[in-house]
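The structure is given below, and queries will be raised subsequently.
Residue numbering begins at 1 within each chain, and the chains themselves are lettered A, B, C, D, E and F in the order written.
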Amino acid sequence: MTDLVTFGETMLRLSPPRGERLETAREFEVQAGGAESNVAVAAARLGRDAAWFSKLPDSPLGRRVVGELRSHGVATDGVVWDDEHRQGLYYLEHGVEPRPTNVVYDRADAAVTTLETGEIDLDAVRDADVCYTSGITPALSTTLHATTKDVLEVAQEAGTTTAFDLNYRTKLWTPDEAAAGYRDLFDAIDVLFAAQRDAETVLGRDGDAESVARGLAADYDFETVVVTRGAEGSLALADGDVYEQGVYEAETHDAIGTGDAFVGGYLAKHLDGGDVADSLQWASATASFKRTIEGDVAVVTPEDIERVVADEGDGISR
Amino acid sequence: MTDLVTFGETMLRLSPPRGERLETAREFEVQAGGAESNVAVAAARLGRDAAWFSKLPDSPLGRRVVGELRSHGVATDGVVWDDEHRQGLYYLEHGVEPRPTNVVYDRADAAVTTLETGEIDLDAVRDADVCYTSGITPALSTTLHATTKDVLEVAQEAGTTTAFDLNYRTKLWTPDEAAAGYRDLFDAIDVLFAAQRDAETVLGRDGDAESVARGLAADYDFETVVVTRGAEGSLALADGDVYEQGVYEAETHDAIGTGDAFVGGYLAKHLDGGDVADSLQWASATASFKRTIEGDVAVVTPEDIERVVADEGDGISR
Amino acid sequence: MTDLVTFGETMLRLSPPRGERLETAREFEVQAGGAESNVAVAAARLGRDAAWFSKLPDSPLGRRVVGELRSHGVATDGVVWDDEHRQGLYYLEHGVEPRPTNVVYDRADAAVTTLETGEIDLDAVRDADVCYTSGITPALSTTLHATTKDVLEVAQEAGTTTAFDLNYRTKLWTPDEAAAGYRDLFDAIDVLFAAQRDAETVLGRDGDAESVARGLAADYDFETVVVTRGAEGSLALADGDVYEQGVYEAETHDAIGTGDAFVGGYLAKHLDGGDVADSLQWASATASFKRTIEGDVAVVTPEDIERVVADEGDGISR
Amino acid sequence: MTDLVTFGETMLRLSPPRGERLETAREFEVQAGGAESNVAVAAARLGRDAAWFSKLPDSPLGRRVVGELRSHGVATDGVVWDDEHRQGLYYLEHGVEPRPTNVVYDRADAAVTTLETGEIDLDAVRDADVCYTSGITPALSTTLHATTKDVLEVAQEAGTTTAFDLNYRTKLWTPDEAAAGYRDLFDAIDVLFAAQRDAETVLGRDGDAESVARGLAADYDFETVVVTRGAEGSLALADGDVYEQGVYEAETHDAIGTGDAFVGGYLAKHLDGGDVADSLQWASATASFKRTIEGDVAVVTPEDIERVVADEGDGISR
Amino acid sequence: MTDLVTFGETMLRLSPPRGERLETAREFEVQAGGAESNVAVAAARLGRDAAWFSKLPDSPLGRRVVGELRSHGVATDGVVWDDEHRQGLYYLEHGVEPRPTNVVYDRADAAVTTLETGEIDLDAVRDADVCYTSGITPALSTTLHATTKDVLEVAQEAGTTTAFDLNYRTKLWTPDEAAAGYRDLFDAIDVLFAAQRDAETVLGRDGDAESVARGLAADYDFETVVVTRGAEGSLALADGDVYEQGVYEAETHDAIGTGDAFVGGYLAKHLDGGDVADSLQWASATASFKRTIEGDVAVVTPEDIERVVADEGDGISR
Amino acid sequence: MTDLVTFGETMLRLSPPRGERLETAREFEVQAGGAESNVAVAAARLGRDAAWFSKLPDSPLGRRVVGELRSHGVATDGVVWDDEHRQGLYYLEHGVEPRPTNVVYDRADAAVTTLETGEIDLDAVRDADVCYTSGITPALSTTLHATTKDVLEVAQEAGTTTAFDLNYRTKLWTPDEAAAGYRDLFDAIDVLFAAQRDAETVLGRDGDAESVARGLAADYDFETVVVTRGAEGSLALADGDVYEQGVYEAETHDAIGTGDAFVGGYLAKHLDGGDVADSLQWASATASFKRTIEGDVAVVTPEDIERVVADEGDGISR
């Protein structure tokens, strides 16, 4: 039995050296990155059994993705291999003020956009403790939206906890499209992760984080709602109780994947029997730690996170 | 007035270091490459006025392509900028025996596939001495096939010499499709470059190079036919006369773009008033020189080629 | 007709990786840099037609410079090629406190020091809207001083606006030499850019920026005087009116070329019809943006600068 | 059930760039390499289920090894983590004639030298089809010698085919020591791989490859003996029949790991139901292919090897 | 006559690029580093004659260490070459908050641990002005402890000033072991450098820096005691007088070796005839300067330090 | 007493990666190289005491040169530091057929061109066993020509053997100038090294190597004449006896410095008491070994050369 299954798209990310721009680059660093596999990697590295389902081109590029995920201990046996579609890419130009970090997506027609429910090992989904995907997945294609809904329903029905992060991306759909997409899935979701910014932009939820959490929980009957507020920390609502968590100070080397590290840290601790407060603390520590590391994924060990958490007296900014 | 205009697709090429495979790569070298811009670069570097027409995404990636071409002196004012389609890519893994050099195309849905005749500066085409494209261009989309035909006809009508290299690519179309595509264009072509291998595979032309050249010239009324035979050298047929040329010995560092360097060297010398024999010699020398250089394009000077040609006594393998 | 012509020296800059010193370096990054071509690059990238005149050795090194400038869209047809003199260089060691960034010039006997008036395309100068050089140029040789004076006079006479940045360099001449050199040129200058520090050190102008500007304008009859004050922002005096501009906050990756980006941004906006306030704002935004980019030149697009300017509410430090 | 289990030491290999020497190096490439894991990687990449058993320091360095092996699909759950001993290393300086490629071992006191039988999952050994180690393993410590013997006996008793490559290393033990060490294990070995050179140096077996194979098989009752003869090809003796195989021509980029790729290719084909001739052919093809790739391991796919084998007409040197 | 002799271990340090972790590294930067050679390098670069004694493996790795030290002008003729033991290593992962910079030692069984008194050129020790080692040396082996004591006594007896930095390392011995080790040497030490943190942890010295210094001087009869307090600056007690010194502000690129640069700067100035205050100022300036440079050693010139010291008004944080 | 003193210019060499051209380079490898210091390095690494005299700019660049030479064990105390002139450079583009390896000198106005006899430690010259320079040195300036003559005469008079390699460089002087320059020095030279090609081009010596050697010895009374014939091997004439030596086969990675390695190997063996035949053999082996190593200098050990020499049976091509 697997602790965690996730599904979604993983891209190759191509990024020029710091201080260089895409339009003059002569060299790209290559890494694999995608919200759901980032979560699986964090959980696997923190000691959980984690598997990732997806569809990739049967090419060196698809194998490149799988090789990197396996190196972190994520099971990739459920990947479906495709002969016709592309490997999704994104170009990443790291910026510093006033030049923003710039992401250029090149994920149209990626193999994963054709992933159908029947191609996923649903028994593995049923046997898992937690099944996770993010709001990026249903945004990628109509097919994937349907697959997402099916899988979450299958999981929930089997008693697998379903977890979902809104992960709103303006370059993929409009707020209205996203709102409709999310609402179609909310019945099948037990644990919701939401950036407060996304809850406001897409779902029109104003007010402070607690009222956002309470409102969402009330409207959609989520078991748990975790609201993240950037530098302001995070908040979880579970069984009517509210838990707050500050962020651990970090010098940011690479901010990409911070949110996924947060979810991965949360789920890893939760799956290890941690309560909501502990899970939230691990989420925050894993997210901060990720910021110091090049690449999408949190190259962490349990000891790394324990050390951050133990320094809580000093390291937390409230 | 421009000496040479070319049009077609230019991709970004992404290649891992020597000895590494795509599926374990952590770094890609980035360069711009495409048959028609490769020809324009060689000609421009050898002293001709050369312009390249195409359509590129209005993104850092499209600008990346234009910047590199401009650095070699190619005029890119005629590039059309597009907001919806992709920048074509290809991945290049350099191999040595028994591991073949492997090219993985990722050019589907590239901006250039939507390039229509009306988007090209036809006056520039009419004013040029030579207008060049290759068999890759019509293979990329129905739209591009039509555009190719239009442009070649416009050029020919205006007295601009039209030049075309078969450049057959198995990954783009079947021999039958290619044969039909080529034949549809042959009327509008004055100077044909053909690898003997392509003439055989696609056009079913058997026999030695001379008979292939004579057959093609007879059937399609080309002014000039240049047949390349790899290590066996090349042969030109013009006004009924045959010219033969050996290859200059080279230690190959990067074979990609050798054929385009050949065409670029030929056209550069031809446009400079060289006769067929001289042009063929420059073609051969530029092609060999290219093999020593990383990347698709022939980073050459006229002096470089003159030096190769002057060493003919020693350096030619017949 | 060209919007902007600039002339001066462009060197190759050689710099070891961050954290390494010149005296233990095993690798240099290579880039082209020079005040006047930096200005031309910024203007060209921001949409203006820009040309750069100079003299370079007819060698791979001279062509290296031209290739990089062309990649940014600067016209280099006016470059004169020389068989006898050197390519100027500078070594750059990036430092952080308390180790200063160190520049070691190796520009003695550079080809440009022999550039005579007759070698410059004066018709192009006459046809341009603006003709720019900096105080570095006359400092390089007696010949260049005379050429500078000639060209500025030719320009002014033809109605081309002449622009000049003091750009005082202690390693090239003493304050007294520089003062004499500048004064000899001031009659031929319409728009003066001056770091307040230079105005004080070289020209003995004390007082606040406005009084410096008013004093210089009064004494030398400049149309416009722009005084830069580092982190304190900048100030322009035109037609008796004063315009002030703060700096946009930036995390500095590479400070070299910031002043040139300022001038380039100013002239680009001015040539696009911007008024003094707009031009000053673009100057400031382009300068800040430059700081985030490796190399001498501002690899920018108009959209980049528009975005900085639009964030003015947040991003300006006053 | 696993197709193949291997056990032994895997080191980090540290190598300076080509053309540089260890004693002036400023940069090392880092890779994981060890005879038995190299075999497991080749087999896993060629489609078999392969697991590797060993003992590693519980440190980033030990995890570095495991991560790389997992990326190729090798199961590493059986690795034992150690708190007291070192991660074995080897330094590799690539040479060309007359400078030999130089290996400097730094494997003293490595964690694996303390690996005891009781720390290995013997059920997994019993369940496997083939259990492999090489002559390096018993050479590393008395403990490992005993463990090697135990594991091979357990395997053989359970009906798991045991395979062994002499892999004689002069820097680890003398020929006499090695001969004694090997002979102590031969009873427990079903399939022997032996470089003819090692058979001669260590076991005193003169004569041609066939007589060496027949002699060894007769004396120690091996099911199969495979003798490799470098550029002369290889030979297998099984059930009294002899099979010969030439080498596939290769341009060598990195010769390290060629022998392990040979064994991995052999076992992969054998485990897939290939007969001796087929297995020998895959062994040879995988070995040649490996030579083109940087690092200890054969980054191959089944398609790569099929392509080499299919070119047999051209590519084999006899 | 040599100004300074130091003895101890120098390791190769292996570090992945910034932002990468040891466990995913594919490349290590290689440098030589060790407390006592770091001190010798700083002193040599600042103009003193400095020699370093040690024992290294007679291998490319040992020669790698010697080559780097010689490049900075340190005499290494006294190095003893060993055929049996290892080259000590340490792996360095640079971290930023909340990920600590991590040092993994791999120095067990290093050649230096067998260095005996008789292998050191004691005449050179007697002829030197200052003889230095640090608390790391006696911690490495019983043999080295005895050698350390012998050499310091020989030096002191001959009138060579003996200097010692506590340099407590938790990974080498416990506080109690260290305390006993230090006390056994204190009689032979004239000048003691002590981090206040070490004085407290190991020697149980509480109170402010001055009282620590006075206590140690009183108890062990040191000529001079220098106490460093990190960002709080440093303090020297000599002949009953106290000298205080702030730190020069620095942006830290690489903190490793800062303490050794401090000692090296102090001794260099002292050996040049500087008084205690001057020496302390140079110590502080050299330490700050070191922070900006990649690697263990302070790649400085006297001019660099003079410039830092001259900026004292601005640059000191008190 | 020093075994060997050499004097001459050492430049920084700047070279782009293999396959790249100077005119598109973005990165240069940096190394120190010069005929006379190359000889000193080879001799020092092969166990001799070697010192190098020259004049360098008192800048990080001059120190860069000295640091690299010292790392190989060459004494550089005799270097004179200069405040006014340049550090000589050369750009090196590695080529393969038909693109020649290209050297672009940038050594005009180098500090060494002002080196006068009085600035050299003549006592050290007198105390040495051998004093070496090459024909490059007198070609660099009139001053250096005079200094060269003085130093060789001082050496010869003191009984120091003087050695000289013609080292003709077409980019420095014409054959006639060189012939006059050489002849002015020949009286002061004991051991002459001459490429047969140079002897013919500059000195008009036709015939086979032996007759060239005999002719030169007869005309100028050299003790020893060593003639090198590229792939044909070398020949020495001493005391009327002729010694011949083939070349050791080598795969060339970097041919620059091969001739200097030859001289360095010869002198090292000679200074170690080797006879002419031995010295010639070491010359040949060191030269071949050098070809495998990046950079100007032969990074060798005595063991490396002994190994090459011992393989003579196989490795020599006659």
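The working rule: a contact is a pair of C-beta atoms (placed from the backbone, for glycine too) under 8 Å apart; a residue touches a chain by one contact, two chains touch by 3 or more.
Please read these numbers as outputs of a predicted model, since none were measured by experiment.
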- When you check each chain against chain C and chain E, which touch both of them? A, F
- Topological distance between chain A and chain D, in contact steps: 1
- Task: Compare the contact pairs of C-E with those of each option in A-D, A-B or B-F, and report the one where over half match by residue number.
- Result: B-F
- Could you state the distance in Å from the CA-based centre of chain D to that of chain E? 45
- Centre to centre, by mean C-alpha position, how many angstrom separate chain B and chain E? 63
- Note on the structure: Between chain E and chain F, the Cα-mean centres are separated in Å by 40
- Message: Using mean CA coordinates as chain centres, what's the gap between chain B and chain D in Å?
- Response: 46
- Message: Can you pull out the residues of chain D that are in contact with at least two other chains?
- Response: 21, 23-24, 26, 63, 67, 71
- Answer with line, ring, star, complete or other to describe the graph linking chains that touch. other
- Query: Which of the chains touch, listed as pairs?
  - Reply: A-B, A-C, A-D, A-E, B-C, B-D, B-F, C-E, C-F, D-E, D-F, E-F
- Message: Help me check something: in the complex, which residues belonging to chain F touch chain E?
- Response: 63, 67-68, 70-73, 301
- Note on the structure: In the complex, the residues of chain C that touch chain A are 71, 248-251, 253-254, 285, 288-289, 292-294, 299, 304, 307-308, 311, 315
- How about chain C: which of its residues touch chain F in the complex? 14, 21-31, 59-61, 63-64, 67, 86-87, 89, 91, 93, 102, 104, 106, 108-109
- Enumerate the contact residues on chain C facing chain E in the complex. 17-21, 23-24, 95-100
